[in-house]
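Here subunit A shows up in two complexes: once beside subunit B, once beside subunit C.
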Partner chain A sequence: MKVNIVDWHGVATWHWKLASNDGKAGYVDELCGICRVPFDGTCPNCKFPGDDCPLVLGRGCIHNFHVHCILKWLEQEASKGLCPMCRQVFVHDPEDNPHSEEFEYLQQLEDGHRLLREKGETTYEE
Partner chain B sequence: MLKIRQLQKKKLEEAAASAAATADITGNSSTISSNNKITPAQLRLQKDITELDIPKSIKLTFPNSSDLFNFNLSITPQQGYYKLGTFQFTVEINGNFPMDPPRIKCSNKIYHPNIDLSGNVCLNILREDWSPVLNLNSVLIGLNFLFLEPNPNDPLNKDAANVLVKNKTLFAKNVRDSMRGGYVDQEYYDRIV
Partner chain C sequence: MHTFHKRILKEFKRLQKNPLPGITIKPSETDPNDLSVFVFDITLPPDSDGVLHSIYRSDIYQLRIKITDDYPVDSPEVQFLNSHPGSKIPLHPHIYSNGHICLDLLGSGWTPACSMESILLSIQSMLSTNELAERPPDDQAYVRTAPLNPKKTTFDYHDDNV
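Then we have the complex of A and B:
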């Protein structure tokens, strides 16, 4: 038998590599804790999943979030710069993440909260 | 001024500018209705409401079924000091949810260490310990817990807290008297049984 391939379609699937996939955490959390949308979906402000709506992983804690979601949280003074899940100081690993506007902004917010912390607790009480 | 404040301010200005721009667009061409767009807060709130898993003692009522952001809540504790009273609350959720916590106020005037006479509730997760990973369920469970275990260590009604610490029997009596609608220490409380 001879088969002539006339046409073919390649299909690929993708999946974010999550912290919990490394086996560091005992459970797999598939939803962003802040917006409750799966990581492979987008944050509520985006249309297309993937590189346009990246994830971030805390360094020190092992919690993933949509970058856009954690940015919104860290913009709040009430967040005190803490991870919403474990309340440790939220820092991300710049090495691990692409250079983009979002991550620069994230870095700025993290630095801002660090300065506030260094100035003392009183800064938070207005 | 601190950098983070500047960032926030910048962000706000941008938001205001884009809001003004969309207002312009909708003003010019009335076919575009930006009001129908589902906001992130609405999305998240809908999920929270469908996933609610609360004890029978808590009931939610929506006075305006198209408005999920404002609703009423009644709690009827099945045990503890406040057993069988029915306490009404209003819940107000703003457009910045889940970054901002829900605002919960008690509509009755009640005798409780953690609720003041104007109905403000002192619950850590509604204030300083709020986090966007908490949901409506955790808040309602927290509120319910205040009636099972009033906490005298972080009081809004200091007199009630002092009585709870010093004399539990008197506290129980005061709660009973207040729930029936009556005076405790020259203060009148609403009847809620």
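Then we have the complex of A and C:
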């Protein structure tokens, strides 16, 4: 049988790389622990998934969040800079993250919490 | 509309469709367009042997959860109600007679990974593990000066063993 291809459409799908998926094949439909929307969707304030609403991968822990969601949490002093899921100190993995204002701000918040922690520890010892 | 409307709606629907044992949501108390106040009937389910070993027997208590503007970054405002006829505040060393509850999950222990469900389970287990039918030692003094909103209180933690 001879087949003549007259027309064809290429179709591609994309998924965010997640910290817990490293090295594993397949895709897990996981939700952001803060807004409970799938990672491939957006945080509540964004309309378009993708680069406009990037993900943050945890480095100390394996938890992922929409960057806008984790920023809201880390802006609170009450967060003590901890991961909402496992309460370890939250540090993002800079490797996979683009350089942007959002990630600079995230770094600032992480640093701020670290300073507060260090200060707290010294006062405690005195 | 609330920024995290979708998440709150999901939580609400889940609690309606898959109720937790002993916990009933009262949808009539919730404005479906607003989703900021939820009222629950809490009772303790019997143990696996079918017997109720709790000091609360099969009493039903009413709990109100108010979602704040910054939920889930900020914890909700949670208290027992005694405004409805026949409803009482459970006797517990961490529950004040005005319905305020001293529980770290509702303050410093909160993270956005917690939910209404985790609060309900936590409060239900607080009741089921308690054997002391008494109020906190400073109940009278606290209730006299307590703010209406339990979140405005800084609780003294008396005894972590209860």
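Note that in this section the second predicted complex is superposed on the first by the 104 of 126 C-alpha atoms of A that agree within 3 Å, B and C clash if a C-alpha of one lies under 4 Å from a C-alpha of the other, contacts with A are read in each partner's own complex, and residues count from 1 in each chain.
Rule of thumb we're sticking to: a residue touches a chain if its C-beta (ideal position, glycine included) is under 8 Å from a C-beta of that chain, and two chains touch if they have at least 3 such contacts.
Quick caveat, the model's predicted, so the values are computed rather than measured.
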Combined model on subunit A: subunit C and subunit B, fit or clash: clash
Partner chain(s) touched by A:44 [first = subunit B, second = subunit C, both, neither]: both
First (subunit B), second (subunit C), both or neither touched by A:66: neither
Touched partner set for A:84, first subunit B, second subunit C, both or neither: both
Touching partner for A:35 - first (subunit B), second (subunit C), both, neither: both
If touched residues of subunit A are counted for subunit B and for subunit C, the larger one: B
First (subunit B), second (subunit C), both or neither touched by A:116: first
First, second, both or neither for A:92, with subunit B first and subunit C second: neither
Touching partner for A:76 - first (subunit B), second (subunit C), both, neither: both
Shared subunit A contacts, counted only where both subunit B and subunit C touch the same residue: 33-37, 44-45, 69, 72-73, 75-76, 78, 82, 84-85, 87
Partner subunit A, residues of subunit C touching it in the complex: 3-7, 10-11, 70, 72-74, 108, 110-113
Subunit A to subunit B touching residues, read off their complex: 33-37, 43-45, 69, 72-73, 75-78, 82, 84-85, 87, 105, 108-109, 111-113, 115-116, 123
Of subunit A, residues touching subunit C in the complex: 33-37, 44-45, 69, 72-73, 75-76, 78-79, 82, 84-85, 87
For the subunit B and subunit A complex, residues of the former touching the latter: 2-4, 7-8, 11, 39-40, 43-44, 47-48, 98-100, 128, 130-133, 135
